[in-house]
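In the two assemblies presented below, chain A is common to both, partnered first by chain B and then by chain C.
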Partner chain A sequence: MNANIKTLDERQDFIVCNKKDNRAIKCDKNSLEGSVSQRACVYCGARVVLNPITDAVHIVHGPIGCASYTWDIRGSLSSGEETYRNSFSTDLREDDIIFGGEKKLAAAIDEITEKNRPKAVFVYSTCVVGVIGDDLEAVCRIASEKHGINVIPVQSTGFAGNKAMGYRAACEALMRLMETENAHSPDVTRAAKQPEGNLINILGDFNLAGEIWIIKNYLREIGIDVVSKITGDSTIEEIRKAPAASFNIIQCAGSMGYLGKLMKEKYGLPFIKISFIGVEDTVKSMLRIAMMTKNPEIIEKAEEFTEEQASITEFQLGKYRDRLRGKRAAAYVGGGFKAVSLIKQLKDLDIKPVLIGTQTGKKEDYDNIRELTDEGTIIVDDSNPTELEHFIKTQKADFLIGGVKERPLAYKLGIGFCDHNHERKHPLCGFEGAVNFAKEVDASVNSPVWRHIRTKI
Partner chain B sequence: MKNKRNFTNLNVNPCKMCMPMGAAIAFKGIENAMMLLHGSQGCSTYIRRHMARHYNEPIDVASSSLSEKGTVYGGAANLKNGLKNVIRLYDPKIIGIATTCLAETIGENIDMIIREFIEEENLNDRHFVPVSTPGYGATQFEGYFQAVRKIIEYLTEETKPNNSINIIVPNITPAEVRFIKDVLKEYEVEYNLIPDFSETLDAPFAYSFSKIPPGGSSFSNIKRAAGARATVEISKLADKAVSPGEYLNDTYKVPLYRCSIPIGLQNNDEFLRILSEVTGREIPDRFAKERGRMLDAMIDSHKYNSEIRAAIFGEPESVYAASRMCLENGILPALISTGSKTSRLQSLLQKQEEMNNLHETPVIIDDTDFETIRELVKQLDVNLLIGHSDGKFITERDGIPLVRYGFPVNDRIGSQRIMFAGYEGSTRFLDLLTNTYLDRKYTTYRNRIYAKYAS
Partner chain C sequence: MLDLTPKELKEREALIINPAKTCQPIGAMYAALGIHRCLPHSHGSQGCCSYHRMHLTRHFRDPVMASTSSFTEGSSVFGGKSNLKTAAKNIFAIYNPDVIAVHTTCLSETIGDDINAIIADIEIPEGKRMIHANTPSYQGSHITGFSNMVKGIVNYLAESASDHPEVKTDNINIIPGFVNPADMREIKRITSLLGIPYIMFPDTSGVVDSPNTGKYEMYPRGGAKVDDIAKTGDSKATVALGKFASEQGAFELEKKCGVKPYVLKTPIGIRATDDYIMKLLKLTQKEVPYELEEERGQLVDIMTDTHMHFHGKEVAIFGDPDIVTAMTEFCLSLGMRPKYILTGTPGEAFSREINELMMDVAVNYQVKAAGDLFTLHQWIKNDPVDLIIGNTYGKYISKAEDIPLVRLGFPILDRSVHSYMPVAGYKGAMRLIEMISNAILDREDRDAEDCDFELVM
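Right after this comes the complex of A and B.
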């Protein structure tokens, strides 16, 4: 074991020291009990994917905690309704656990549909529901018929796998939504006949701090229109129309790759995986999207647009690059695709990635990560505070990129931090995002506080 | 009294969290302790995330990461392995094992599993404290006291009487716990303060970071509690069944005094009176001056305060303390609410003298949600919100300012340092309430009056 750390034996296979040991990295497994994994659960995976659908009611069928901790969990913005920012829970109590929660759930759906007339209802199952055996399918089917709206069960029982399973459950729920007869409204068929193929869906962007709007604006610049945003700032109606697009672009492949596959099978929609994190990937993605349309005009526009934007951004990044050159970065993020983009972005800023980890990365993500990082970079799957602390120290990281739970750890270790998670309030995607990222890293890494914490009275 | 919630079958925007969250906070206040949640991975991650945002401290809580297999065939193997790994990684002297909804529903026999584990691994030098905290059973408020009580139940035994006093603290901020310790120092009394998260959840920056931060109630102190002179339990709302002080009283005959969080004039008076009684010492001089300054402040702001119509929400204990402070200052607590189930809030507040002399009777409601609170806030024409951060959603929609108080305050910096206890802290709290109200009044009154009389 080259990584040389006193962690648990069972964890050793999940850690590699790049290009020094050539073992395959173990990943995509259940978390090790007692290791203090940073992962959430199946339900959480499903909820974060579906929650940004703005006009849906999201009912968490379970005890209160699950709903409480995920109320308004994503900082996704809406251009219209705000229904999604409420947390609905059946708030199961002891009696419901003993006698079953189906009746309460049915009554809950009735109550909310009668009162609020939502466009659709998603019903999430949680751990307990999986055990007491409530028949979500049946309850939802009956409610659907009764109210004439989509009431879609999301099979997200918490213990049945990890967060990635929740992504799958969410993708399945989205497919159901598309499969309703509404998908063949006149609107959609008209759209489907557009020959140029410049109508697309964006999958896997959740409109954190308005990111999907930024991407949409870019696409408009080159003559591409978005049929359906999935799921950032989306509506039920909009998602139903998705099959009418010419192709899908998938931003967060970890969560939405599966939907892309399903839509391809069912509706014949091709997809490409893209990323708008960092200048390099943004440019590449724009060009690839343009190529997909086979429309010379669009391609030309894309070339012009990206060239212009990249040079403006390049100019803005210049001053940060000087301040960041040679810094050492640790990153612990959710999905593998994001990690890959981040590495490129870091390198573009002349920052050295020394520790890269993900919660739910797949083998191919790790292959890419290995490819892109230097010898000696530590790569870790489903890590925990002990390992992160150890590697941050031994790898002499100057800052950590991560989420809320990782932030205090970075600070206690006396290094900078960049928040790359749900709750941030500024966009990190596209050209402006690249500048924001550099600015944030600079603000943290080059803050005067680090000098003072090394002083004594 | 109207329904407790607008929706009968739905909790819309919860004003509560689940029991294991409370247990996690309690265990952070014990020296060299770690907590493992027996259940699926998600619960512990959520709780860590929530706590990390409030305390701005790394919060490590382990999970037995139950999977499908463990759920169907029982989670003993997961739990034992989880404990083993926690010991290897953290080397704690005490491990709290709190159950989640899942573990409770599949009917895990935790006590037995732990007994087996201790035997198999030959681990007599470590303590394992199982706490039953089904998320569906109650809220973080009860979970907290339940855990404190279990810790005491597990670690105490009949012992020689000693001169110390026990202080049981509720879910207040680390800074407030430090304040209480300061007060005890003034009394020059030996004490056992349980749980003590004043250092562990607000650790000073140090170059040598330790995964289990130093501090917390020590074993010897907890053990000594059984022979203490008295217990002062800073909670009037905790039910007898989960009250640690009641346990010490029932089991070891340690006399029990219960008081509210020392926030507000009367609550501070009571707290000091009780301390004087149990220690046999006069109230230290320092407090006379601080009290006098608070009185001065109360006079300064009383007329403004009479214009405030407050809605108070959060855990029963903090809601009670704030309500009492509002009442004594002529702030109308138009809505007094909590997501926990309790009849005590109502009965205790009814005893409050000012309640008889109000223009309007406050609405007191328990087991409620924010959907209901928001509607009542509108109906009752509330102009100031007092409670934890989730109230921000009312501010955002209806523009009513929120004074952040209670748990969690997770959208602002420095929540671990909020200090509203004592006469000085209460004065600061009171000023903050008044000024938050004034800020809104002064920025809007010109337009309001113009609209009313001149447009």
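Right after this comes the complex of A and C.
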């Protein structure tokens, strides 16, 4: 075994030491009972994907907690409507559990539609709703007819799978939204026949810190227009129009790969997976998007634009590279695709990735990660604080990249931290994002505060 | 911001918008963290545990550890017995806590897992303990969950060593309620100054405000020790601070071991702190040391220095019932006019207590239990206030209506240091005055025309 860590035998297969032991890494499995897992549930997956739709009412059908914990936590920004920043819940009580919550749900939908006619309502099922067996489909269908708006059920009962199942439920809800509009639309058929157009959808970007605006601007620079942003800073109208695009680009493949697949089947839209994390992947992604259009003018513009931006960024990164050279990074992130981009970005900054983990990475992600990282890098699936602590120490990491729950762990261990999740306060995508990332890591790793931890009185 | 909120008030039966509470399990988790070397365990889906840890982590900015039974579709059909049994085995094997404190969720409650029976069937290693509390999310609120876990602690851990229940030690039990560790520290400091031996439980000081030493301790030094909790059955009396969070635990201890309970307000503000000290003096025949007299005198001095800033100022107070009640009393002491008083936690006792406080005050006010922030916003829209006191979620109303917000209670997600500084006791009251008067005076400075802008205030 790669490292002497006190962990259960069952966990050993989820941890490998790269290029030293050649075992396959186990992944894509349920967490162990009793583990302090950093993972969430089906509902969480659905909610994070759909919540950024700015003009929708998101009603959480269940006891209050599920709505409370997800109230405006995503950090998704809006250029217009703010409806999504409210938290709606049926707040199921004991009587509802005994007698069923359908009536209350119907009444709740009535109450919000009477007050303020929303463009659409998403209704999320939660654990307890799955057990008492409320018929969400029926309630939503009746409410749709009654109010003349889309009321869409999201089948996100918490225990029925993992977060990835929630992504699927969200993708299915999005498909239903598109279908209501596009069943007979001529635009859709046109799009299916001409994949080389310059109209695209961005899937899997949630506009954290305004990132989707950056990407949209890049695309405009090279002559590509965005039909639909799914779901960062989006509106119901905009999502309904998505099938009219020529093709889809998918940023967060973990959550939106499935939607890409569904839209391909249904509307014939091809998709490519791209990543705007780090200079290398941003350049590559821009060029691939341009190639998809088969339009020489766009391709040429893309080449010029990326070359220019990359050289500006290269210049800006220079001073950070000097300050970060040789630092050792640990990263524990949600999806495998992000981990892969991060590794490239870290290497570009002359930082050594020494520990890479993901909550929901797939086999092919882990193959990529092994390929990209050096000998001795620890790779771990669905980790927990005890393991992370152990490997941060043995791998002598200088900082950790992660989310909310990992931040205080890093600080207690006296190392820097960069939030690459919902709490990022600066855009971390694209060329600007690459500079911001370097700046954030530098500000944390090279802060004077760490010195005081080692000083004694 | 919050453009959705209409002025016109309409009774809602089914829909909660912008909750002023969350669900039971997180309260139980927080209470369990107040036991030394205890790992809270969430018996339900992974999401619950993940959300609670995230929320607590954001409030305290410290690692929050808890494990989960990781329910799957199978457990929801066949029950979670095997999940909990496996979990217990794994937890003792890897994380090695002294106590596992299980709380239930809406899921495990609805499928009807009998935790008592399951625990009785588990082989608990020598010297280790496993306790539980039923915390169905569809009853009460997070405060109810806290209260239930305190009851669970009493049920499992409190003992009466003596064969003669009338023979008691000099110890006073203190149940502090759902407050920050800084408040627990302050309450302990005051009690120590009085020279009174005490046992506080739960006690999260030293757990969620642990010092940074460059080392990560899964179980920091703080928390009520199991041996001490065991002794609570022989204590002279129990002082339960806060009716909603602490009363039930004290009653349970009376039932179990015959320890007399005294339910007081959370000691926030001058009167509630006086009451706390007076009660202790009465129970122990001790005298007030000069140090406390001096502190109280300083507080009174500050109150007289600043009273003109407060007089007649209208304030909206929302949050958890025990804290809101005490804060309302303090606002009255300062000459402010509490106009809207709201908690999300259900319970008639809340309105009753507030009505009693307001009896002698000739002001119009509205009070509501089981309310939400949408209602509070509507009230304010119809007739504004000078100041809002409540948790972070008040910031939307604060921004929409341009009214200053003083952050108090749980959760505070957008400011730091709050959990290290008390609001309880005389010192805490001084701090509250500083916070409130700064908010009011900053606003006056901001709003002042150049000609009215003053150096000395």
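One rule holds for everything that comes next: the second predicted complex is superposed on the first by the 439 of 457 C-alpha atoms of A that agree within 3 Å, B and C clash if a C-alpha of one lies under 4 Å from a C-alpha of the other, contacts with A are read in each partner's own complex, and residues count from 1 in each chain.
In this section, a residue touches a chain if its C-beta (ideal position, glycine included) is under 8 Å from a C-beta of that chain, and two chains touch if they have at least 3 such contacts.
Every value quoted in this text rests on a predicted model; they were computed, and no experiment measured them.
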| item | value |
| --- | --- |
| Clash or fit, chain B versus chain C on superposed chain A | clash |
| Partner chain in contact with A:318 - chain B first, chain C second, else both or neither | neither |
| Touching partner for A:83 - first (chain B), second (chain C), both, neither | second |
| First, second, both or neither for A:68, with chain B first and chain C second | both |
| First (chain B), second (chain C), both or neither touched by A:161 | both |
| First (chain B), second (chain C), both or neither touched by A:412 | both |
| Overlap of the chain B and chain C footprints on chain A, listed as residue numbers | 7-8, 30-44, 59, 62-71, 85-94, 96-97, 104-105, 107-108, 110-112, 115, 126-128, 130-132, 158-162, 385-386, 389, 404-405, 407-409, 411-414, 453 |
| Residues on chain A engaged by chain C in the complex (per definition of touch) | 6-8, 30-44, 59, 62-71, 82-83, 85-94, 96-97, 104-108, 110-112, 115-116, 126-128, 130-132, 158-162, 385-386, 389, 404-405, 407-409, 411-414, 453-454 |
| Of chain C, residues touching chain A in the complex | 1-4, 6, 10, 12-19, 21-23, 25-26, 39, 41, 44-55, 57-58, 61-73, 75-76, 83-84, 86-91, 93-95, 105-107, 110-111, 136-139, 141, 210, 212-218, 344, 374, 393, 396 |
| Residues of chain A defined as touching chain B within the complex | 7-8, 10, 30-44, 59, 62-72, 85-94, 96-97, 104-105, 107-108, 110-112, 115, 126-128, 130-132, 158-162, 384-386, 389, 403-405, 407-409, 411-414, 453 |
| Contact set on chain B toward chain A in their complex | 7-14, 16-18, 20-21, 36, 39-50, 52-53, 55-68, 70-71, 78-79, 81-86, 88-90, 100-102, 104-106, 134-137, 139, 203, 205, 207, 209, 211, 371, 390, 393 |
